[in-house]
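What follows is a group of structures, each given as structure tokens.
Both complexes below contain subunit A, partnered by subunit B and then by subunit C.
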Partner chain A sequence: MSKEIKVNCMGENCPVPLVETRKAINKAKEGDILVITGDHASSKKEIPMAVEAMDLELISVKDIDDYWEIKIGV
Partner chain B sequence: MNKEMVYLDNSAVTRLDKNVLKAMQPYFFDTYAVATSEFAYTMGIEAKEALNKARMKIAESLGAKKEELIFTSGTTESNNLALKGIMYNQKEKGHLIVSEIENFSVLNTAQRLEKEGYDVSYIGVDGEGKIKFEELKAEIREDTVLVSIQHANQEIGTVQNIKKIAKLLKDKNILFHTDATHTFRRIPIDVSEVPVDLITISAHTIHGPRGIGALFKKDSVKIQKIMNGGFQENNLRAGVENIPAAVGFAKAVELITEEENKKLKNMRDKLIERIEAEIDDVTLNGSRKDRIPQNANITFHYVEGESITLHLDMRGFAVSTGSACFSKSLEASHVILGIGGDHVRAHGSIRFTFSRYNNDQDVEKVVTAIKEVVENLREISPLGKKGSEKNEFSLQ
Partner chain C sequence: MKDKTTLIVESGDYDKIYSAFIIANGSLAMGMDVSMYFTFWGLNRLKKNKLDKGPLSKMNFLGLGKLFMKWKMKKANVRSLEEMLNDFVQLGGKIFACDMTMDILGIEKEDLREEIITDFCAVGTYIKEARESEITLYI
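Now for the complex of A and B:
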């Protein structure tokens, strides 16, 4: 059964959000959705780049108040 | 995620060759006894014969005698045994010289000896990573006992002129140790031609098993053992002999061919040529000419090595970087700093090291991937160029 996995990277700088994202992707099962939140500007651009290269689904990239949220389909 | 990786970190460790494993297996399951004397049981005698055969094969590859080879657990132990074994064996605490860009098992051993009251000099290197020969000559003193300078560097692959160094030291009656972990079976060393007194070698860089290495020690050179215990390895290295690994080491030595080394060199040259032609603002670290065949080390300016390794990993490539967070020491590469690079150059350095399991397609694939990764990262890089002018990272 697929599930939603939250990855909180608030307050973390590059490259930690990508490291945490990679960790979550490596543990996820097909069909899972990762919801990554953070506030480091470069990571908001860097994570989608990696997702695209891995042929995963970039569901959404949203700005919410003073942070961002990225949803990835595994 | 289980996708096929293109592994380009072969100076860290190589994949075990299946033929090596096959050679080792009988010594785990059939002839698994410890090496015994001729007066003990047959299985132990056969185990000893296998150990000696392995010793002979490896020694011969260096032009040495089998009695001159001490099996150890690998590079770190061989380097410790060479430095401490020689220095502890002196009547008075003498002087040791090492280069600034040695492997940590030499540098940290030298620092330990310093704390114990030995004098140590650290020789600098030039922009290519070659030791400053005049500085070495100037540092030699009456009480200099040993000089330890690696044959080739673990990060940038620069090969030292050990023939020239060995000749200088022989003329002055000073012992010479070289760590040949990254040149063994890649660049020939013949101790009957080059007067080196001690050589560190290891199986892990030539598709042999981990946990086995050796120290060549010229039979006229005296050392003190550094671990207390039994009388194995001519009473110089205590502990039950790792016979399966020794047999595997010898098999790995046998399997390296000149043709394989040419293939590594071709892949290396192709990678360097394409990256330099197709990506702006790159610097080759190390010597262009005197370089081990399996190594290319390149700085991609304006991007961090960690980010490159992460993005390459997520695309299926394993490489390493001299960037601080990647290393367990949490400091930028002492080698890149040693050749005159600054922290930014060290942070953007990527080491690609090839093995027999790589091919030209791997070079194509990694060049394509790194071009994209570097271009993308430069768009968002806080280190300058196309990214914001403000540096968000503390690089000091």
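Now for the complex of A and C:
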């Protein structure tokens, strides 16, 4: 069964949001959804680049208050 | 898309080791394979408990500059080099140690962190790795 996996990168700096996203992708099973939150500005652009490079599905990129939330389909 | 980044880490400077691991871990995170080839002063950083012991490449001021930089990095919540190395290993990165440097600098295998070293080798291995790589940098 697919599940939603939260990855909290609040307050983390380069390259941690990318690295933690990658670790979560490695652990996830096909069909799982990753919900990554953080406030490192460049990572909001770069996590989608990594998603594209790895042929995964970018579900959404949202700004919420002073942080961002990215959803990825594995 | 699965390609490779190969880094020569010749410098043992604190800031350059950081650059190397940030590029390495960024590459792994974006789906690439990574090989890091440690040679000369860089190889000293693979000795036990020496990873974060290098001086700053500029404005080290006998270590005072480095202390200031470490304080600034802590404030910016930058991950430690040891944590970055753990991430690197966990994401499947490979580390190679230059055996000629070991001969020149008198470094023995047991002086190094053998558990994180994929292989001890020479220039041929670097060329083989670099030939298969999209990105190769000399740090």
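Rule of thumb we're sticking to: the second predicted complex is superposed on the first by the 74 of 74 C-alpha atoms of A that agree within 3 Å, B and C clash if a C-alpha of one lies under 4 Å from a C-alpha of the other, contacts with A are read in each partner's own complex, and residues count from 1 in each chain.
Everything below uses one rule, namely that a residue touches a chain if its C-beta (ideal position, glycine included) is under 8 Å from a C-beta of that chain, and two chains touch if they have at least 3 such contacts.
Remember, predicted model here, so these are calculated numbers, not experimental data.
Looking at the shared chain after the overlay, A:G11 reaches subunit C, while subunit B stays out of its contact range. In the superposition on chain A, A:A50 makes contact with both subunit B and subunit C. With both structures placed on the common chain, the touch criterion links A:I33 to neither subunit B nor subunit C. Of the two partner chains placed by superposition, subunit B and subunit C are both touched by A:R22.
By the touch criterion defined above, A:V61 lies against neither subunit B nor subunit C after alignment on the C-alpha atoms of chain A. Common to the subunit B-facing and subunit C-facing surfaces of subunit A are residues 13-15, 18-19, 22, 26, 49-50, 53-54.
Considering their complex, residues 13-15, 18-19, 22, 25-26, 42, 45-46, 49-50, 53-54 of subunit A touch subunit B. Within the complex formed with subunit A, the residues of subunit C that make contact are 1, 22, 25-26, 28-31, 76-79, 87, 90-91.
Only residues 11-16, 18-19, 21-23, 26, 49-50, 53-55 of subunit A touch subunit C when the two sit together in their complex. Within the complex formed with subunit A, the subunit B residues making contact are 1, 304, 306-307, 310-311, 313-315, 325, 369, 372-373, 376-377, 379-382, 392-393.
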